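Next come two complexes, and both contain chain A; in the first it sits with chain B, in the second with chain C.
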Partner chain A sequence: MPKNISRNRSAVISSESLSLDLYRKLYMTRRAEEFIIEYYHEDDMKTPMHMSMGEEAIAVGVCHALGLDNQIWTSYRTHAAFLAKTEDTEQFFGELYGKVTGVSAGKAGSMHLADPSKGYMAASAVVASILPSAVGMAFANKSNATGHISCVFFGDGALDEGVFWESLNLACVMDLPVLFVCEDNRLSVHTPTHIRQGYNSITDVVSRFSCTVIQESTTDVERIHTITKEAMNTIHTTRKPVFLHLECYRYLEHVGINEDFDAGYRSKEEYEQWYEWDCVKLQRERLTNQGFSSADLRKVESVIDNQLLTSIRKAQAAPFPQPEELYRGVFYEAD
Partner chain B sequence: MDTSEVVFETEWFNVERQRHDGIKALQNKPYYRINASDGVIVLAMTLDNQIILVDQFRPALGCRTLEIPAGAIDPYESPEEAAARELYEETGYICENITPLKNGQLMASRLNARLFSFLAVGAVLDSSYVSKEDIKVLLVSPFELKEYILSNQFGQYAAIALLVLADWESDLSLTRPEVS
Partner chain C sequence: MRQISFCDALNEATRQEMERDPSVFIYGIGVPDHKKIFGSTAGLVEQFGPERCFDTPLCEETMTGFGLGAAIGGMRPIHVHIRVDFLVLAMNQLINMISSYTYSTLGKTRVPLVIRAVVGRGWGQGYQHSKSLHSLFAHIPGLKVVMPTTPHDAKGLLTSAIRDDNPVIFIEHRWLYWAEADVPEEPFAIPLGEGNILREGDDITIVATSWMNIEALRAAEILERRGVSVEIVDPRTIAPLNDSMMVQSVNKTRQCIVADNDWIDCGFSAEVATRVYEKCFNRLKSPITRIGFAPTPCPTVRTLENEFYPNAITIIRSVEEKLGLSPTDLSGEEFYSHEKRFKGPF
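== the complex of A and B ==
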């Protein structure tokens, strides 16, 4: 359960534009996945879907704070991170439909969405395998004095892999500007934490390394945005990595577009407790408290709905890539 | 959906035969769906709050109808662009204040197209406009439109839903108009 969300209306101090910008991204991400659910049965999107639904506040809060210049790396659960970082719904749906208009010309699918031109460097389907790349990017950032932060998103299941600890160790020992973001839903596919990990607290163990550890259990996108900004300042001032440990809850099955409360590894009641603090609802409520009318918000939402549906229609109409596209972009190509 | 196959195709729509053996009512028999372009419908009002209607011949009904502007969205066009285009093509009016309302289904039992609705306030006639279609433009007050609807002279049901949406999302009072 999220613990530290304030419903005290007078506690809202964020600027309206920030609140609205964050809401737009949250709403876009949620609606994009709702449209995926609506259209997936047509079987035109051939890619397996690892849905972000329920966990969007982390991707949106962190990516909005990072902006375009700082880099991100993620696991296969890419949807929220991609839309939060790029806001490019046409390349998003183009990729899901496997068309040339996709961000990777239709070759990557849902699990490998990325756009290096906007700082989304890569996504990997192999658990924890993206961490060394993120650390390598941070080494390049430090060597070239770019001032950029390399941010890597991973689930709590990544901590069960040796490469996580090697990456954390190297980032700490080499003082690299890495923001580690652990999206902890307490599940590795269907396996809960207590039968996977021989320690009680992730943050206790990670805090023994030479880095700053920040822990939150919240679905409040503005809180996540704020602590990300704090983490970025800490990286710049201490020149050490920061480890953000953020609890969250995945609404849908590990892979696929359906609920799976009948699978026996978690309960519907747990979902309902988290849904009370749903990040999209919470941010909409904040905007209402700031004076936005329902009509104002519905106009914002209608514009995004139309944008998403236009992107879907364009993706459906776009051509598939030609065979010669297959090997393009696989290896580095000099200009 | 177990299987699907396009069995009839035209420039404007196709008919798809599907099997849904998992749905009890459809076991062992085909289901036919019409795939068509999404569309827009525009409730446009002039600066003096007159609603812009179009009078045109509808071959499907074999008669002329009174409607508000509407039409299909082109493949690489946004609903907003289509709304402005259809309004101009059918009426010659230009509007800088076109607000998206909701979108929804027209005939969920058979058709998968969406209809996107818009409210256009303060539309102005382009004096250089020349109509390319056999369409007459009428300007009516909200009260006159209500009379048309209640006397069966206006049967575009999507437009009636749009009147409700426009009332909910603006300070207009289109569903309970005063006598003009």
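== the complex of A and C ==
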């Protein structure tokens, strides 16, 4: 369970607008997935859903700190990152429904949701394969002196892959502006760390590389936002990568919309301990403590609910891509 | 016109493109070291500095994905592998990441990435330093695959590959590095997807790749003395394959041999043969003959290696069989080996 959340839940003082912005994004990601759960049985969203639920504070906190200009790269668990980075609910549901209104006209689906025009460069369904491209983008950023940071999200499972260590090594030896964000839920699908890791501590091992390591176990989106800002400053001042190690908890099964606490690989009690510190609840409480009334918050939430529902209706009504779309874009097509 | 080697042609294309476009950079294991990838990267680090010509850790997969990221970021990377075999370590990036990236963005994103890789042969290269593998790459939609034969093509096609907005795998046979021929000094580009008729003839078409073109040329010289006129078609671009030139040639000669610098089964020769069957079926006088490596790993010892590789003699005997000719007396004929290098002319 999260270790270093302040017992006083409103201890972090920050501007109301930041708190509200972060809450809006958190609420949007959570509600979007709740709608997916509600509508998935209709079998119109024919794409494997790897749900972000429970882990949203990391995507929201980091992406909000990065803004639009810095780039992100992720695994197949894309939903929270996509909405946090783009806030485009129409392209989001368009893609999940496989319609022309989707960001990739249905070619990408849930596992490859991305939008390079908004700095969400790519999402890979093969664990850790995305890491080298994030490092290569950082090289381009450095060569072109753009000042941008290339940020890559991955789970603790990625550390089992050689390409993770190659990428970390490369970013360190080449002094590249990469933000590595390890979302550590201690599970690779269903396989726990003690079967996978021949070392005691991820951060101990990574800290032997020429980079800065920051570790937190928190569901507090503002704390994650703050340490991301610190990490970005560190990258700019040290001109070295930063490795952010963030513990989190996956509420649902590896892929799909259901709970799987009866599967035997983890306990419901563990979930309940984490849910006590649920990121959406926590941020809502903070806003309440800042003086937002229940009615104020409901108003904010209903705007988002309506936006999401409208996006779903539009996606449902939108056409599928024409057959000839299959052959388009294998190679670059100039406008 | 000035004559330069295949190796120097690669070098010149790279240098001229790096001069022309500051986003071009070249990297890979050993690229700037004193051996300079057999000389093909000579002078580049001296002229362009370590920011645009650099050595890397031994991590082929990561350095390949790095190229993808840099290309998406607006650079034009050239990644060099001193052996094609090492590219196998990068297959995940090539097949899972690079081939589909542009498609995922509906064709809107450029991935101008060149991957150069050298095919080894002779002097005990053995089974991990001798592969060609172009069929493997060509099987994947989204990757372009190019195999030059002549110094002229080496320069013109590498220039095109660097200017192309898509990933291009550029496969260079080590034995071609010594070949010399006329190559214009000024920059020029040969469009990808255009074949080349290396030799015109009327009696039989040989579609050959890379080094096998040299063997086919030698076979054609010997056969010409018997009055057999061989046409040699070098597709140059393996994928996407433009079959119009080979189809036109076979429609004329009505006989076809495919001599591929690779294994036969499920290989490029199967692709060529199928295309020719599909489009020239009624014109063919005999079934298409395929020539390629023996279906074994490549052995190290020379006596077995000689058995592993097909050569001009293999081609001559195939032509004789197809045309119903008695075997040519080849005593006294000279053939190429690691020691007896082909240096031209074409």
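Here is the rule we go by: the second predicted complex is superposed on the first by the 323 of 335 C-alpha atoms of A that agree within 3 Å, B and C clash if a C-alpha of one lies under 4 Å from a C-alpha of the other, contacts with A are read in each partner's own complex, and residues count from 1 in each chain.
Keep this in mind: contacts are C-beta pairs under 8 Å (C-beta built on N, C-alpha and C of every residue); 3 or more make two chains touch, one makes a residue touch a chain.
Only a predicted model underlies this, so the values are computations on that prediction, with no experimental measurement involved.
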Clash or fit, chain B versus chain C on superposed chain A: fit
Partner chain in contact with A:52 - chain B first, chain C second, else both or neither: neither
Touched partner set for A:215, first chain B, second chain C, both or neither: neither
From chain A, separation angle of chain B and chain C (C-alpha centres, steps of 10 degrees): 120
Which superposed partner A:121 touches (first chain B, second chain C, both, neither): second
Partner chain(s) touched by A:129 [first = chain B, second = chain C, both, neither]: second
First, second, both or neither for A:188, with chain B first and chain C second: neither
Winner by number of chain A residues touched, once chain B and chain C are compared: C
Partner chain in contact with A:307 - chain B first, chain C second, else both or neither: first
Partner chain in contact with A:317 - chain B first, chain C second, else both or neither: first
Per-pair minimum CA distance [chain C against chain B, superposed on A] in Å: 24
Contact set on chain A toward chain C in their complex: 104-105, 107-108, 112, 114, 116, 121-122, 124, 126, 129-141, 143-144, 150, 162-163, 166-167, 169-170, 173, 328-334
Complex interface listing, chain A residues touching chain B: 41-43, 295, 298-299, 302-303, 305-307, 309-310, 313-314, 317
Touch list for chain C against partner chain A, complex: 25, 51, 56-57, 59, 61-75, 77, 92-93, 96-97, 101-111, 141-142, 144, 165-166
Parts of chain B lying in touch with chain A, wherever the complex brings them together: 1, 38, 73, 75-80, 99-103, 114, 116, 168-170
